[in-house]
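Got some structures for you, see below.
Shared chain: chain A. Partners: chain B in the first complex, chain C in the second.
For the complex of A and B:
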């Protein structure tokens, strides 16, 4: 989230889209309700009349998978009716930047300039800006970038700043604003309502209501979840929300922002941690074979020419120093060669990894509290792939479907040679540690009870495994032992593995001044209070630069209660719900990121009742920690247009050359769709990932005419591993179902409560029919389209509530930017049993 | 540390401590701890924690007596949930303990697995295994697979990667654990690292 839960109360208009926040993030509804109590308007856009829709002021049904058409229409409406926030858009975004003359979009072909049909990828050259002039870094003594040439800093050639050409009148046909205006002119109300299956008048009402937040003193917030991301254009859905909020001046303000209601308790932490193929902790990129094979190349490719990410070499060197400790020196590039280099292909992310198991490339698998035999798309294919493994290790609380995949109804254990280990993990209140919520708050969990029986915390499981592996390599040697034996693993207090020294590692410390492995009640630490103190010369170590400051009290380094992360002072001096002394929000305890944009070019807040930062004429008042350079060399820096300092432009991107599948969001139909694309000449995103896998078994609407989305109920959680063990929750929600309209049920002769079979080429499941008026058929391009919804929490494992695996049905295809599967729009047929 | 309880009853009035949660706690036999003469939270120690379901980050208070968990409720001091919990959060207690409907005793949730187990090739059932043996066997497997599938150089570039091992998950763990899992896997050379953030 750019903002946080308590901030939702500040919104004038709230739009829930791709989320059912009342049921699936219940605490959010409390903050939405507070906003409504203050007179806000709540819009819910969803295929189904959810409990959120029931609570909202305006409910707008939408056919699954047509969000970009909806947003494109809204951009068009805002531009045509001149409802965009002029001063904000002109100064804080790239609206005025001129695009390369070669930039174009071909409506008939449905592609942007630079497309290569053979590889199904884009060359983004023509999506860049025209260059006005260039500047180089001053690395001389006393220069702004003198640090880059200091002793101990890895050698690299600093990037050149390419100053973009701008037209502040926004009249040049190649400027981003004019290109956007042209691009979205096709998205008129008639077309959009026909694509989305919406009522045109209702659509216009939604547009007018949300666009009202373009007034400078108004804020609109978007609450979204997996309904936006789990599509073959999920990243473009997110871009669309960003563009919308920028046009209306809603980013960086209280009651605004783009707010992901994230789907796992510490998925924010796992994303921060870069537990993904190509990511490092703190949103840095993991080294690749093809782009960044050496530390020099990494610094040259990843370091931005301007803005805050000019500091990246400091972050990566500090990360390497934390990783390899004494073994990391400037002479060996701080151990950079020991880090594995990601290849261009094949794909090793979740979907690709099952192909590699099928091929016998991946032979061993760890599942840490994740259950792919249930949760991954085309899950029956996953089970078949996992049957090829030599070994599987599952660390969990219960016997998940993945732990016992060999017991699945479609498996014969005698044919499966996989050795499977189940390691019992401690519950969350049986161990201490840090968790992050969607609002980027790091919070401390105290251990309440000892782990039951032989269960161990995951940190201890990691430690016993790692120690045994290191011992084996030390004793027996083996292939390339260096990365293993040189890894620093010293997170012990009194000889026992302990999360607190790991917290120091994440926070960052002066290397020579800190001993992680300690037996002292007053350990030697020099923890850092800000990532501004990180160095690129090996003198500082930091596992997660964005967290620096959350655990920086050197007077009590072993006591979480004395650290920012453990702070429980709930004061709210502004009344905006910032709660600046409750826990810690990364970065630097900033509660609302991009908050410079909450004030105008003179530093005057757009809304005097929602002051985050304000220029007094002499200095900056910071009710929230400013997300900009407020002071330089001890002198206050007067207001300027650099409201987005994490980009080299320091202006936000309405158009982005950084996306894999197009610089502006364009509507394409889901991979399996009940309708033709009405917006352009191409049915699907030209860059859909994994469509070539045989296992995908694409379905066609002639055979499978019914569109489906999966969704969650409030009583169960994901694959049900936790919630299906809780009797009270099973009593409340004992089985899964497919929810369908009265009209479809009548057409199929199905009555509420009857058992039905839902099937496609990938699988079939038997579930209960739930016939309700909450789904209504959509009229798309003049034709009736039926959509249904399915819950997905049940499986064969466990003692209590069981059922078929609904995730056998979704296709294992992915978004072109981040390879997220398409669970939220695909095709099935339904028959009465 | 400030653990003051600003009025227990504030929790009951919180906007989203919905009737659902209360209905559950009053109707489900498996949650119905028989109240003794004393208030059930008398003589307890309290530990704050954070809910293990959605990403709201709601605060909870775990009450223990004699080292055992006796209650979990919303933390009324917590600025996000102000004492409220949803049905899932309100039943977190049951992940460890449930009330046996027959005997009315608090027992361990029998769905939970608290001992290491191994399933051998071709077997149709689990076997018991000690932690020491499980760890030793897993370490042998890791070394064997890594040594067989490790690539040090590719086209003249040092790549130091292990193709044969994958690691999935992390969003259920605490952040320190995420760091250790990540560090262990990357140092082994594993590329196929993914977690719930991808789906």
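For the complex of A and C:
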């Protein structure tokens, strides 16, 4: 989230889209209702009438997978009705930037300039800005970037600052604003309602209500979840929300923002930690074989020419220092060569990995904290892939479907030679540690009970494995022992593996002043309070630069209660729900990021009742930790237009050259869709990933005419490993269901509560039919389209409540930017059993 | 301590059923351990009715209509803690009593004789019986055990969206009216406060967004007239305590839901009487083949004809 849960109370309008926040993030309903009590309006846009819709003021049904049409229509509405926040958009976004003269969009072909049909990828050259002038870094002594030439800093050529051409009148046809206006003029109310299957009047009501937050003193918040992301254009859905909030001046303000409700209690932490194929901890990009094979190349490619990411070399060198400790020196590029490099091919993302198992390329697999035989798209294909492995290790706290994949109803154990090792892992309450919520709060949790039987915390399991592996390498050598034997692994207190020195490593510290392998009697630390103290010369170590400050009290380095992460003071001096002393929000305890944008060009807050930062004429008042340069060399910096310092432009991007599949969001149909694309001449995103895999077995609407989306219920959690072992939860939600309209049920002769078969080319499942007025058929392009929705928490494993694997049905195709699969819109047929 | 009440605001309820689960956890009430032993319900609601192991459930009632196209009304099925608590009045064993400090209607199941008078007397069809070595009443106790320790009832503590609030009854009533007015102003014209006067005043005060019936509540609840019979029966049961009394002074229920035929057993004549018609359905002179005990037990929960 840009903002956080408690901040929802400040919104004037709340839009829940691609989320069922009441059910799946129950605590959100508390804060949304506080906003309603203050007179806010709550809109829910969703294919079905959810428990969130019941609590909201306005419910707007939408056909799954048509969000970009919905947003495009809203952009058009806002621009046509002049409802955008002028001062904000003009100064804080790239609306005035001129795009390359070659930039274009071909409606008939449905592609932007730069597309290569053969590789199904874009060359983004024409999506960049026209350049007014260039500047270079001053690395001379006393210069702003003197650090880059200091001893110990890896050698790299600093990037050149390209000052973009701007037209502050927004009249130039190549300026971003004019290009947006042109691009979205096709998204009129009639077309959008026809694509989305919406009632036009209701659509207009939703647009007018949400666009009202474009008034400078109003704020609107968007709550979203996997309903936005799990599409072959999920990243563009997220971009759309960003653009919308920028047009209305809703980013950086209290009660605004783009707020991802994260799916599991610590999924924010997992994302921060780099549990992604392209990211390492702290959202730094992993080295690639093709782009950043050396530290020099990494620094040159990844370091921004301006803004805060000019400091990236400091973050990456500090990270390397934590990875390789004493072995990391400037002479060996701090061990950069020991880091694995992401290849161009093959693809090791989740979908690609199982394809590689099928091909016999991947022969061994550590499956830790996930259950892909149940949760991955086309899950039966995953089971078949795993049957091809030589060995499999599963660490979990119950026997999940992945731990017993050979027992699946569609598997024959006699045919499977995979050796499976099960490592019993402690559950969250059985170990101490840190958990992050959606609002980026880091909170320390104490252990409640001892782990069951032989179960161990993950870090203990890692320690046992790691030390054994290192011993083997030391004794026997190996093909490439250096990355293994040089890895710094010294997180011990009194000789026992401990999460507290790990916290030091994440926080960052002065390398020579800190000993991670410590004793409880005499810990030695020099922890850093800000990532501004990180150095690129090897004198600091930091595993997670964005967290710096969360564990910085050197007076009690082993006591979590004495650290910001353990602080539980609920004071709220502003009344805005910032609660600055409750836990720690990264970065730097900033509760609302981009908060510079909460005030105008003179530093005066748009809304005097919601002051986050304010320029007094002499200095900045900071009710929240300012997300901008407020003081430079001890002198207050007067207001300027640099409201988004994490971009080199320091202005937010309405148009972005950084996306793989287009600089502006454009509507395409889901990979499997019940309808033709009405917005342009191309049915699907031109860049859909993995569509070429044979295992995808694409279905056609002539055979499978019913659109389906999948979702969770509040009573169960993901694949049910935890919740299906709780009898009271099984009683509350005993089985899976497919929700369908009265109209479809009548057509199919299906009665409420009956068992039905849902099938497509990839699988078939039997579930209970829930026939309900909460689902209605959509009218799309003049034709009736039926959509249903399914829950997915059950599987064959478990002692109490079992069911078929619904995730056998979604296609294993992915978004081109982040490889996320398309669980939220695909095709099936349904028959009565 | 003044009278307390639980406020249930349906407009804030997200139907997550944390209350349902928290009640089971705090009171150590089991759910089935049989694999897939919970029957399909064709609804989000499960179980469909209260039972010997379930003291509270959230009901789901959906119908087309309203400004959003559907009205999905969530309801709370549990003890309402009447001021005029017919169950406490009729209980021959003193197992159900009014908790003086709070006005809540609490249960001491060690005293319960399994007679099930309370089930018949209750206008809300709440008390159920847990079968075990002894068959004893099981209903919401208002968590007086928690309240006496300064805690809120378990269902209230767990409620994330503050749909459940616990406090002084008069304050809960004031809050309920404030909410109902707020909802009316937002277009929920049928919003109403329930529990202020019903049964002498309930200790569960409800804000019903779509009106009384939509949320599964009882319009104008009345104690079962059989409560008057306690004049006859209480002296008998008072004289002989213990399990043996169960067979001698019993009241049975037939059918399900709110519309049960109520039968009463008169220990003086040994006749079984229909409460509704006043007619003797079985004479006490053993004219049919079943014993009186068999007639009693056939109507207990889990037995033939029971619920």
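Heads up, the rule we're going with is that the second predicted complex is superposed on the first by the 831 of 833 C-alpha atoms of A that agree within 3 Å, B and C clash if a C-alpha of one lies under 4 Å from a C-alpha of the other, contacts with A are read in each partner's own complex, and residues count from 1 in each chain.
Heads up, the rule we're going with is that a contact is a pair of C-beta atoms (placed from the backbone, for glycine too) under 8 Å apart; a residue touches a chain by one contact, two chains touch by 3 or more.
In this text the structure is predicted, and so the values were computed from the model without any measurement.
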Partner chain(s) touched by A:54 [first = chain B, second = chain C, both, neither]: second
First, second, both or neither for A:774, with chain B first and chain C second: second
Partner chain in contact with A:734 - chain B first, chain C second, else both or neither: second
Which superposed partner A:413 touches (first chain B, second chain C, both, neither): first
Larger contact residue set on chain A - chain B or chain C: B
Contacts of A:27 with chain B and chain C, given as first, second, both or neither: both
Overlap of the chain B and chain C footprints on chain A, listed as residue numbers: 26-27, 29-30, 33, 714-715, 726-729, 731-732, 799-800
Residues of chain C defined as touching chain A within the complex: 11-12, 14-18, 20-21, 24-25, 30-33, 35-44, 46-47, 54, 62-64, 68-70, 72, 74, 160-162, 182, 186
Of chain B, residues touching chain A in the complex: 1-3, 14-16, 18, 20, 24-25, 27-28, 30-31, 47-59, 62, 64, 67-69, 72, 77-82, 84, 86-88, 91-92, 94-96, 98, 108-124, 126, 129, 131, 134-143, 145-150, 152, 154, 157-199
Residue numbers on chain A that touch chain C, as the complex places them: 22-23, 26-27, 29-30, 33, 37, 49, 51-59, 713-715, 726-735, 752-753, 768, 770-774, 776, 799-802
